[in-house]
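Quick one: structure below, then a few questions.
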Amino acid sequence: MRAAGADMLCSFTRIAAVRRVRAHMATKTEIIEFLAAAFPQSKCVVEEVGNASATIRHPVGVAELRPGGTVSGPVLMTVADVALYVAVLGEIGIVPLAVTSNLTINFLRKPSPDKSIVGVCRLMKVGKALAVGEVALYSEGSAEPVAHAVGTYSIPRAGAR
Amino acid sequence: MRAAGADMLCSFTRIAAVRRVRAHMATKTEIIEFLAAAFPQSKCVVEEVGNASATIRHPVGVAELRPGGTVSGPVLMTVADVALYVAVLGEIGIVPLAVTSNLTINFLRKPSPDKSIVGVCRLMKVGKALAVGEVALYSEGSAEPVAHAVGTYSIPRAGAR
Amino acid sequence: MRAAGADMLCSFTRIAAVRRVRAHMATKTEIIEFLAAAFPQSKCVVEEVGNASATIRHPVGVAELRPGGTVSGPVLMTVADVALYVAVLGEIGIVPLAVTSNLTINFLRKPSPDKSIVGVCRLMKVGKALAVGEVALYSEGSAEPVAHAVGTYSIPRAGAR
Amino acid sequence: MRAAGADMLCSFTRIAAVRRVRAHMATKTEIIEFLAAAFPQSKCVVEEVGNASATIRHPVGVAELRPGGTVSGPVLMTVADVALYVAVLGEIGIVPLAVTSNLTINFLRKPSPDKSIVGVCRLMKVGKALAVGEVALYSEGSAEPVAHAVGTYSIPRAGAR
């Protein structure tokens, strides 16, 4: 297990490769258009998507801060949720009925009040019924995560749910 | 363990009783004033607090809905987070530096698009360093929860953190 | 939401009532026989099952203790996992392929070294693809939980997985 | 955030570097001796520890299998718990009173019935009161994780708890 880090990257790449043959993967452009139509009030920006991963950026202003000059927990949870959703859409295509079934978030450090929040999601599994991924959340430009989330997406079947 | 439900209620009541002797418990009024000053943009309304528990209501309008007419996940996470925070403040007093250290949420049912979200928190432990509670989230007037959360609050020590 | 506790009980009862019409619910005896055949090495004892809930007891001896005279975390996790599994089987019948998809456990208090661990599970949702429940874990005879878990079970479809 | 993977590694290395100056870090040998004395019945083998990480191996035999030839969930939870504990001891020294405060595990794939389980833990934060880490769990020799856990360790203060 010496090369566990490398193995893990290989694993992620492999998931992506397997999924790529599925006809209904969504491109970054399709996802951005879908989100803009479906969530016009969202401030999240899709930076990257594909390869079983996604990177999301959320600007931080007065509305995102709480006393003491830190970014509110719900903003971090929103970025984690959207990063997971975008990564899943990137693999299974635009499936509006895919819904988060659970999310666990650990808050690690105080975010910077004057930096965007960046969420980097990597999917660990994309099954028929469930997708599972983790999201590392950063204050932009910082290398140490401010929070870490793991979440599960429930993928509806044709005609189900 | 036949009367586990009753036992559990007793247990919650007991935590509350033990805590009540701590001089620095906050009243509902103090908490409402603190939240209004500290989080002026929050839409959460404190309905009840005390006895190691809290009930929070969040109105649902266009800003809280996502396509398909359901309440967005981040709104539910926000209510869970605030309900925990208020319940903790009700026990330890106004300690602005108390912060969520983690939160796990399970989404159970589609919320009603035209009902407020009500979060009912019960603390299971209020220790020196950590408080742990669960929150059941409902569409107002419905008996079946739309989501369930468990969270941990980290309580700073005098001079610590 | 004044009667949230009562509401919650009603909600659990209602889930149970709805499920009861499904032909394939398993009885306590069927579940005990299934577990004995499938997990001969398990020490868990099924105390009660039905009504979208289950109560499990696990004796505590030298093998379950860790230094300092406390019950090891994995024993508590085992009881939580089995309590969820038994409650799910009680609703959907003997479905050996039902598997835990995730589990979150919070450790609250030091268990007694000389008491059995009792796990009381209540299901919050039994859907077609997922069941979600919570488990309160006690040192037998004590009213305050030593741990609390929330878990999700993935229910396979006929011919799926 | 293009180099998020690399950034994350840097971040882990930096945590390790900062901690290295703390006098009371434990070596692999010290940890193995401590675990052998404290948990004589444990089957976990410490493969690596240091640098804010740890690798644990747990052999799989009849006692670890459940019907259908898969490794039982509690074995995976045990490896996750021990990997976190060892990684934490590697940073803060032999502190027997450090206890898991919570653990979330997602089960991703069916483990091989004839391979050891390997858990690779990386700590994301080592604070004064809490340490947080994630654990990827593999069937030995496989690159795709069978499960993923995130956990929190509560670190007692001198004279506290």
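Structure notes:
Read from first to last, the chains carry the letters A, B, C and D; within each, the first residue is number 1.
Convention: a contact is a pair of C-beta atoms (placed from the backbone, for glycine too) under 8 Å apart; a residue touches a chain by one contact, two chains touch by 3 or more.
Everything numeric in this text was worked out from a predicted model, so none of it was measured.
Contact with both chain C and chain D is made by A, B. Ranked by separation of Cα centres from chain C, the top chain is A.
Between B-D and A-B, more C-beta contact pairs are found at A-B. Each chain gets a centre from the mean of its Cα atoms; for chain B and chain D, those two points are 31 Å apart. Averaging C-alpha coordinates per chain places the centre of chain A 26 Å away from that of chain B.
Taken residue by residue, chain D touches two or more other chains at 101-102, 104, 106, 152, whereas all remaining positions touch fewer.
Here chain A touches chain D in the complex through residues 1, 4-5, 7-11, 14-15, 47, 55, 104, 106, 108-109, 118, 120, 124-125, 132, 134, 136, 138, 140, 143-145, 148, 150, 152, going by the rule given at the top. Residue ranges on chain D touching chain C, taken from their complex, read 38-39, 41, 63, 66-68, 73-74, 77-78, 81, 96-97, 99-107.
Considering their complex, residues 101-102, 104, 128-130, 152, 154, 160-161 of chain C touch chain A.
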